[in-house]
Amino acid sequence: MKRIKAKRLLWVLLGMAMTFAVGLYAQSEPAPADPSADIAITQYAIDNFFLFICAVLVIFMQAGFALVESGLNSAKNTVNILFKNLMDFSVGGLIFYLFAYKLMYPGVPGGFFQWGGFFLNETGADFAPGPGVLHPQVDFLFQVAFAATAATIVSGAVAGRLKFGVYMIYTALIVGLVYPISGYWKWGGGWLNVMGFHDFAGSLVVHAVGGFAGLAAAIVLGPRIGRFSPEGKPQVIPGHNLGFATLGVFILLIGWYGFNPGSQLKIVGAENTALVMLIAVNTTLAAIAGAVSAMAITWFLYKKPELSMALNGLLAGLVGITANCDTVSNGEAVIIGLVAGVLVWAGVKLLDMLKIDDPVGAWPVHGLNGLWGGIATGIFGTDKDLVVQLIGSFSIIAWAFVTMLVIFLALKYTIGIRVSREEELKGLDIGEHGAEAYHGFSFYTVE
Amino acid sequence: MKRIKAKRLLWVLLGMAMTFAVGLYAQSEPAPADPSADIAITQYAIDNFFLFICAVLVIFMQAGFALVESGLNSAKNTVNILFKNLMDFSVGGLIFYLFAYKLMYPGVPGGFFQWGGFFLNETGADFAPGPGVLHPQVDFLFQVAFAATAATIVSGAVAGRLKFGVYMIYTALIVGLVYPISGYWKWGGGWLNVMGFHDFAGSLVVHAVGGFAGLAAAIVLGPRIGRFSPEGKPQVIPGHNLGFATLGVFILLIGWYGFNPGSQLKIVGAENTALVMLIAVNTTLAAIAGAVSAMAITWFLYKKPELSMALNGLLAGLVGITANCDTVSNGEAVIIGLVAGVLVWAGVKLLDMLKIDDPVGAWPVHGLNGLWGGIATGIFGTDKDLVVQLIGSFSIIAWAFVTMLVIFLALKYTIGIRVSREEELKGLDIGEHGAEAYHGFSFYTVE
Amino acid sequence: MKRIKAKRLLWVLLGMAMTFAVGLYAQSEPAPADPSADIAITQYAIDNFFLFICAVLVIFMQAGFALVESGLNSAKNTVNILFKNLMDFSVGGLIFYLFAYKLMYPGVPGGFFQWGGFFLNETGADFAPGPGVLHPQVDFLFQVAFAATAATIVSGAVAGRLKFGVYMIYTALIVGLVYPISGYWKWGGGWLNVMGFHDFAGSLVVHAVGGFAGLAAAIVLGPRIGRFSPEGKPQVIPGHNLGFATLGVFILLIGWYGFNPGSQLKIVGAENTALVMLIAVNTTLAAIAGAVSAMAITWFLYKKPELSMALNGLLAGLVGITANCDTVSNGEAVIIGLVAGVLVWAGVKLLDMLKIDDPVGAWPVHGLNGLWGGIATGIFGTDKDLVVQLIGSFSIIAWAFVTMLVIFLALKYTIGIRVSREEELKGLDIGEHGAEAYHGFSFYTVE
């Protein structure tokens, strides 16, 4: 190179330097730090906060179930039912923590059965916070509440005659084995998920599992004494506290605002926000439509509107919309609810005809309407396949019903599952727990 | 151009290229994308999340009303009251969805009566997400909960004697016509809003409408049998479950944290955040001050502090602060609550003197203190006009009272609104629903 | 300068101009405004929203206490217990607003006793919104709920025999003096905080203060008539409504999701989000472990699982984890809960042996397990000093116990604290309030 070229290079470098100098002056203050990390961590906080609140609402549903189930049963079995609802959450929660959470979410997609090991990822060592990411702890909290819901549905169906110890064994088996396995099929990424089966918040995964497990238990147990006359005519055994039952239904409704909207798992992002709100309104509309149609039927048929049927109608609407609340319109939600309210009545009548005693209507509400939720998804859902919905729905139902039937039969012919006739007549509160729910109150009957 | 110039141009281009290279190196990562859209969508998520949770809390108030109203009445009317609270939410909710929501929010400001058509905007096609913007679905959810609140206030005033079917007709009319029209006057942007009337969360729009509708109903119905002696002396008909009543009041308090703070409609932005928190504390202080003054009065006058009056005092404080919680100081909130607690006692005495039977004190709590809330806004509110407050308050009250008086009179002289004497004595639970709330319990009296 | 040099300068300027032109083109839109203020205000909204919801959950605990305490007592004292729970929140809340809030948070660190003046900072004049900053109003809301919790624990221990007026005086003293002073020691930045004592959400500051205040009151009051036989044998006086008790425990559990996670005071920031979620799960696991171990003990010892002990076991687990939920692992939370469930049973037995009548087990649940929470923090907590924990725990306990003992003794020998024998037998509902909780129901005994 010649010297003259080096000189020209110097001039060019001078131009570059001045360009930088002017650029720096034009900026006049330092460029803002990249805010994307700050925004990401903010969005992460919101999504986790959202799921935390939803989890709390779902846990509140335990109180709702305890009140509905005890309120719709005889006073003499109240302590027993309350106790079951307390302990399926407690025992079930520990089991879910110990090993069942990773049976449902093993982290291996596509199969029938997988297990990811004990406990859960508590320190979050291998996880990176960010938008749409859930902290492992809040994910567990939300999931354990769902597991407890599936378990506690059964306590209504077996009220008044199942041994308390057997209920504890049942709880361990449904939370530790039955629920997480079919739950894995869909929500853990298993074969039903791969097939395209849609069950948004668990009409099948949670409610039908509980409802059909309850049906299996009710069949194996047989009806309560006096529930059917010697001629086979159904006899009403009225609930003892409709205030509890109504409060329980309102609490369940409130809890469902965690159950369904929370199942979107995040709220940040225009589409997520919109879906959460659509889900909330669809949930509401199906619930109230279910209450209206169930009330209307009893009013029309018996000339007197029946509170307990309307309460179950509201719950039926909630169960029916649970699978599809993210994929139907408001108007379709109303239709799904109206049908659910009719189905719950029909389901109660069907059980009466079959002489199956389900004291609170756990199967009509959670079983039959869980199935309806799965089917309605195929009918009304956007881009949903009815055949796939039927396969998925009946697979989960068959799994829950058959395994629980086997379990209850095995328990029946080994340790026995039913309390003595004497204890049943006197009430399980005295027999199983040596306690009365309403000490000091007079009753005009043993109930 | 000479060849030498082309060469120089190359040198210049080299300078530019190096400038870029050095610039890129200095940045070391690409310039941040504009984050404002990301922030906007995050703020949008928070505001909608906030209103969603507030809506859930307001819906929970249905349970509170059900418990307060049934607990403060006779056991024999419990099923009936619970059922009314369930169905005004259900039937009312469907009606609000079908057409009444757009009667309250027609999107046309300034008038007396407008209608925006059926259903609601569910897809959000013509709406742009952003900070402070509410998704149409969550707005509906919040509003339908308010409509149900206005409706359900009446069920307490008519307890123990109104036909259930008539209550369903009433519900359809108040939610479908009366409430949304006066609601439009203020919150829909109608004439009262244009005039500058302030009713932040509905002391008038919601509570006084319900309270004065209940007063109209109570007048047309007449008192329960035995409520006044043949000489016209008021006779106490005690509530049957003060546990329910107290729990109901606590649930209403909790629900009010959605009712009042939620009425700010957004929480993002330093001013919004501050207002939500001020509203929450003012709501609390007025509530507890109302409980304290109502208790103090009964303690002073009757030498024994009265629970049911203190419970109503707390509710009265809540109603009184509802219109003005955003515009008064903490100290003023305490004063508003103290006055409300006295007013609720005075209102109960006034009704006794007038021989009007309002079994739960719906008018003293929601009607009289709704009016007090409107007036207190004029007295204590920043830049609020007392005359405008009086005009607005009495306009809404007159509208609700007169229309409902006409409606109940029309129903009375056509289909009849009161159950038979026999049914009333036996209780509406048996008469209207063929059910008992407390099956198995012994009662020492028909009540 | 030569002409040729000016030419070269032109070339350089051309290079600069083109560099800018290309740079502007590359940017294609103006540089974003600095978004940091917008992000900060968004994060501020979230943290305040989070604490607001947590405060509402904690306030809901008042309903839980009212139900647990009344449900576990005789029907004849129900109105009295409900009333106490209503008024300690109301009277206590006003006192906390008037002067006690600034006794707990005087803004002067390191001492034993400080006072910051009347009322609270309501306009936020001297405060700057930003990430992690709490608006003074929401901070007050959260704190007043904690103060009410400490106060209301005692109402269970004194049930069935304390004069209502004395309870009002006690409430004023614990909320106005005892609780805020020891609260200042730790949370207000006083000497225990300086020493490094750790009590995250108040096992000691709230629960042990309430539990040991209750113990002092129970000792001074003496047992209810018939609670111990003439030979000194403990006699069970059963609760009258285990439905209320169970619902109350579920409501307390739900409220605790505000109590513990809320005590992190913020949720934005990866570490805060993670801690809130860890705290929520630890709280759950300790609660259910407490229920399981308490149930197991009664099942093993008495052959019948006891509901009320399991309920208290769940609460005991909650109290035990409260001090350390932020600093232990999930597995340690389970252990803390299991031990708490055993301790609550042992505490009940110990009180029986000492012939102290604590009708709902307020001391075993809140006092003994509050202490356990403080000690467990020293055992399991990361970088926590067991000796410091013991000093802090016993300091707070001694303060609460001794001051309240003096107060109750002073009241006993001046105005008298116990209702008459006749009134006690008839029930405080009639004696103190001229009301029945369950009007119309028949009772087979005076209780």
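Labels for the chains are A, B and C, by order of writing; each one numbers its residues from 1.
Assume a residue touches a chain if its C-beta (ideal position, glycine included) is under 8 Å from a C-beta of that chain, and two chains touch if they have at least 3 such contacts.
What you are looking at is a predicted structure, and each value in this text was computed from that prediction instead of being measured.
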Inset, instruction - Give me the rotation angle that lays the C-alpha atoms of subunit A onto its copy subunit C, rounded to the nearest 5 degrees. - result: 120
Inset, instruction - Give a one-word verdict, same or different, on whether subunit B and subunit C use largely identical residue numbers at their interface, taking over half shared as same. - result: different
Inset, instruction - Could you tell me the distance, in whole angstrom, between the mean C-alpha positions of subunit B and subunit C? - result: 29
Legend entry - Junction residues of subunit B - those touching two or more other chains: 8, 11-12, 15, 19, 23, 31-32, 35, 39, 42, 46, 49, 53, 241, 247, 438, 441-442
Legend entry - In the complex, subunit B residues that touch subunit C: 8-9, 11-13, 15-16, 19-20, 23, 31-32, 34-36, 39, 42-43, 46, 49-50, 53, 57, 74-76, 238-243, 246-247, 249-251, 253-254, 257, 261, 267-270, 272-274, 276-278, 280-281, 284-285, 287-289, 291-292, 295, 302, 304-308, 310-311, 314, 329-331, 334, 438, 441-445, 447
Legend entry - subunit C - residues contacting subunit B, complex: 8, 11-12, 14-15, 18-19, 22-23, 27, 29, 32-33, 35, 38-39, 41-42, 44-46, 48-49, 52-53, 55-56, 59-60, 62-63, 66-67, 70-71, 78-79, 82-83, 85-87, 89-91, 93-94, 97, 119-120, 122, 124, 129, 135-138, 140-141, 144, 164, 241, 244, 247, 432-442
